[in-house]
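The data blocks that follow each hold one structure.
Look for chain A in each of the two complexes below; its partner is chain B in the first and chain C in the second.
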Partner chain A sequence: MLQTIRKFVIDNYLFGEEGKLGNEDSFMETGIIDSTGILELVRFLESTYGIKVEDEELIPDNLDSVSKIVSFIQAKQSALTREDDNILFQPLEKLPT
Partner chain B sequence: MNMQPAVSSDLLRIDPEAETERITGWIRETVFYQLRRKGVVIGVSGGIDSSVVAFLCVRALGSDRIQILFTPEADSSPDSLRLGRMVASVLKTESAVENISAILEEAGCYQRRDASIRSVVPEYGPGYKCKIVLPGLLDARRYAIFSIVVQSPEGETKKVRLTPEAYLGIVAATNFKQRVRKMMEYYYADLRQYAVAGTPNLLEYDQGFFVKNGDGAADFKPIAHLYKSQVYQLAAYLGIPADIQRRPPTTDTYTLEQSQEEFYFTLPYEQMDLCLYGKNHGLSAVDLAHTSGMTEDLVERAYQMIESKRKVAKYLHADSLIIE
Partner chain C sequence: MCGIAGSLQLHGGTVDREQLQYMIGAIRYRGPDDVGIYSHGPIGLAHARLSIIDLAGGHQPMSIAQDSLWITFNGEIFNYVELRDELILKGHRFTSNSDTEVLLHLYQEEGERCVERLNGQWAFAIWDAPRRKLFLSRDRVGVRPLYYTHTQGEFLFASEIKALLACPKVACAIDLKGLDQIFTFWVTVPPRTAFVGISQLPPGHSMVIEEGRVTTTPYWTLDLAPAATNGRTTADRLAEELLTLLEDATRIRLRADVPVGAYLSGGIDSTVIAALARRNAGERIRTFSVAFEASDFDESRFQHEASSFLRTSHHDVRCRHEDIVRVFSEVIWHTEQPILRSAPAPLYLLAKLVRDSGFKVVLTGEGADELFGGYDIFKETKIRQFWGRRPDSSWRPLLLKRLYPYLPGLQRQSLEYLKHFFHVTQQELNGPFFSHLPRWELTGKTKQFFSVSTRAELATTDAVSSLLHDLPTSYARWSPFLKAEFLESRYLLPGYILSSQGDRVAMAHAVEGRYPFLDHRVVAFAARLPADLKMKVLDQKYLLKRAVKGLIPESIRIRPKQPYRAPDGISFFYERDGYVQDLLSPARIKQDGVFDPQATEALVKKFRSGRETSVKDNMALTGILSTTLLLERFMRGRGALNGLPPMGNQLSSQSASRL
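And now, the complex of A and B:
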């Protein structure tokens, strides 16, 4: 996941220059990604990892570096898994019809 | 002893009489002797900035050397033409109306914009209205991500986050408006050997709130050094009609009423002015917050936003580059 996200950022915002991006580098401080770039990044994350990024999740704590994105996606995916498990292990009468 | 100046709107106070003298002298020198043009074309939108520029140009060159131009299109508010005409009438200048709807129609401005909107709001169609909005800076520490607000003919509104393609498609299509307006202004400039006046204030100029080769293009920009609140001070001094002074700043680009704050600056202009002043004068967020009534967190975020918009504006300000 980390390599996929790095590759997306490097290909799209650093014109392929691999050495210019540390995994902890803040996109805002380094000016790598502007607001249109965030739109592109969010669309990439949603389509690649099958998640939905809510408006209130559009914050630097979740998206401002490669590492933060990885943690955010992992948290989203594990939340999704828990939701699925809850549905699977519910008593039969509570299963969605 | 703390020598930090008090930070309040007093800091932005100017001597309007002296500033008017300075600007009008500069306009005369620039238009006649640097640009060697016989007068000035000004696109007047009925907003405060273009009205102030028109008043200044008339003071500088005389009303017989000014061509005012109105360029309404299908989405323009009728107020724009009404207030613009008021300016021309008070100043007794030559004026012309060039309705640019047909050019925009032929260029596919409306059709391309609507197709982009439909990619995120499939039901969008005739009778609908729209605008693009950003979350306010006060709204929590969120990225400035654009959404579209649409209103159905029945009055129902809906807000949807834009995809990158939809956002770029809408902006690229609506930018035809500013570029066609500038094309018209240069038609009159060529016809009369006039210069074209640009009307951005400092907030717009510094932060890149203009369309490259659209409203960003001009031969001279006589108020680009003034904060928005300073433009209002000049407006009061110059006697600009009260209706124009009272009109809230608007983009007049989308069919739903849209403030500059929700489209671009994310803060009311008074606060943006103070934050830009603080940033330009090296004031810490703590000092600016302490004396301006804003929170330190808000000032810090405004400083960050100013910096990031400046990065985007660098491309907008860049001339065509050549190999030296």
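And now, the complex of A and C:
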């Protein structure tokens, strides 16, 4: 996951300048991502990892470095898994049709 | 409207007449109706004419006073009728009905200060033979262009850079500092241009060349000195005054011996001008618009609403992505500078429509956004300033959501990110460029595509601090709102709006733009207007909207500001002939050396992938392509420029007999 996200950031924001990207580097402080760029990132994460990023999750704490994105995605995915697990314990009539 | 060129041998000698023919030949499209050259001893003046006023009698270069004063003049003096009457009372005799002759007599009467009396748009050169003095001037806000260079003891000037480059001895190279400024501000800071060694006379300046010395002097500057207001009556009175001024500014801009048209963008400014033109000129007025196939950019609904309200005969050109890429190379040939937006291309197509419809003159609404609080950057400035006074406030930054409603990418941002991009610090708040820092920072990020060698060359260059030396003394006392207004009016307006989107793409088709909002009386009125009447809280163009109630459709009057934009990066991938692909190929980018081949390739790949692209990506791609086209057309294509036919063989019999 880390490598996939790194590659996306390098290809789309750094345009190939790989050496410049540390996993902890703040995208905002280093100016890697501009004012409209964050939405490209969100679209990529949603399509690649099958998650939905809510508006209130669009905050630097979740998305401002490669490492933060990895933690965020992992947390989202485990939440998704938990939801799936929960389904197994629900009465059948409550399951979505 | 016309094209001018000229040469002065600074240390004696005789001017090269053939060279003048090549110079004027390079910009002949600006004035296809007539051409003339005057040369005598060290001086040579050339003129390509687009006949608008006094079709029979306005041949140029023109002289008076037994050939002691000669002029080559591009532009219009709209108050020439009044000036002429005044000069006749003082004993001046006229042999033509042209504004050009009025200008000569006014110079004879008042000398260099004559420009202060002019209401118009001009770039001209007067040769004062008895004093052996060359006097050049450019209008207050920079509607008309004027470039110059010195080489080998010779001073050369012209309406466009390509006329200077038509002289083989003038070097042709891209100015990296100019490029750095364009990739920050969208424009170069005058006198700098995108070409090494070629300068522009700044707007509002005159220049004198006498005894080998060149002196440049400002005769006008935008001095923003708002008067205090109190209450409702004042606003009503000012609204009335503004409408009266605009009406007169439009009326005198209808002076022409050919039919006049008007652009309709679908917004308030051009509709106001078209309405005033309609009121003054009746059904003769025809209106012209750009419609876009891409619905995000299209405003044809409002354009049609305006034209049916005003009952004008309306024409539009429908612009598709493939049209933008098709004409882009020609557009850059005319802009003579890199551009970061494709928006000049549709206006190039629009000017062609105007010309093909048999019109040479159009009125437009340019200038209103700068002078009357129309742009979102003014709103941005107010919101950031308000937030900056209480940086910890949780609700003040919510106002950032009100900015740029037409940019969906920005609208979908979370507040945390908006706060970062529209940052405010105490230091910035008190600094000279508070209003424009977020914008310039964003634009400046396009420089990540500069090559290693370009970056090395620019290592000690800082575009933003280079502006510090160019500000008027009163600037420091102005509010951030007024500073923003000044920066827009002084730099972006002449350097991009009136140039790349104005004179250059219109004159490519011999179409003259006229701008009632830039009448100097309207500008002076705006300069005295309190900022809160330009934008009341966040209500853009408050006084203007109030002034034009009933004049234009209400839906257009109260419509939120929609800036004129065109599809950018994506358009370049709709090409049919492969020139973009060639120009952006790693081999070509490497050969030119200005941009980084690998990064450019990655950018192109991003666009081709169909993935979402950012504002910066679009500016970068358009900037790289236009710079590469500039190198292609001007540096590599220099031979073609020098190979243009001299225009001597097209000299009219009138000029031949005069010489």
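Please note the rule applied: the second predicted complex is superposed on the first by the 90 of 97 C-alpha atoms of A that agree within 3 Å, B and C clash if a C-alpha of one lies under 4 Å from a C-alpha of the other, contacts with A are read in each partner's own complex, and residues count from 1 in each chain.
Please note the rule applied: a residue touches a chain if its C-beta (ideal position, glycine included) is under 8 Å from a C-beta of that chain, and two chains touch if they have at least 3 such contacts.
Because the structure is a prediction, the values reported are computed rather than measured.
*Asks:* Using the overlay on chain A, decide if chain B and chain C clash or can fit next to each other.
*Replies:* clash
*Asks:* Among the partners chain B and chain C, which is in contact with a greater number of residues of chain A?
*Replies:* C
*Asks:* Quick one: classify A:Glu17 as touching chain B (first), chain C (second), both or neither.
*Replies:* second
*Asks:* Stretches 94-102, 418-426, 598-606 or 634-642 of chain C: which one clashes with chain B?
*Replies:* 418-426
*Asks:* In the superposed view, which residues of chain A touch chain B and also chain C?
*Replies:* 28, 31, 34-36, 38-40, 43, 55-56, 58-60
*Asks:* Which positions of chain B touch chain A when the two form their complex?
*Replies:* Checking each residue of chain B against chain A gives 135, 140-146, 161-164, 167-168, 304, 308, 311-312.
*Asks:* Looking at the complex, which residues from chain A come into contact with chain B?
*Replies:* 28, 31, 34-36, 38-40, 42-43, 55-56, 58-61, 63
*Asks:* Which residues of chain A touch chain C in the complex?
*Replies:* Within the complex, chain A contacts chain C at residues 11-12, 14-17, 28, 31, 34-40, 43-44, 55-56, 58-60.
*Asks:* Spell out the part of chain C that touches chain A in their complex, as residue ranges.
*Replies:* Where chain C meets chain A, its residues are 407, 409-410, 412-414, 416-417, 420-421, 441-442, 445, 448-449, 596, 598-603, 605-606, 611-616.
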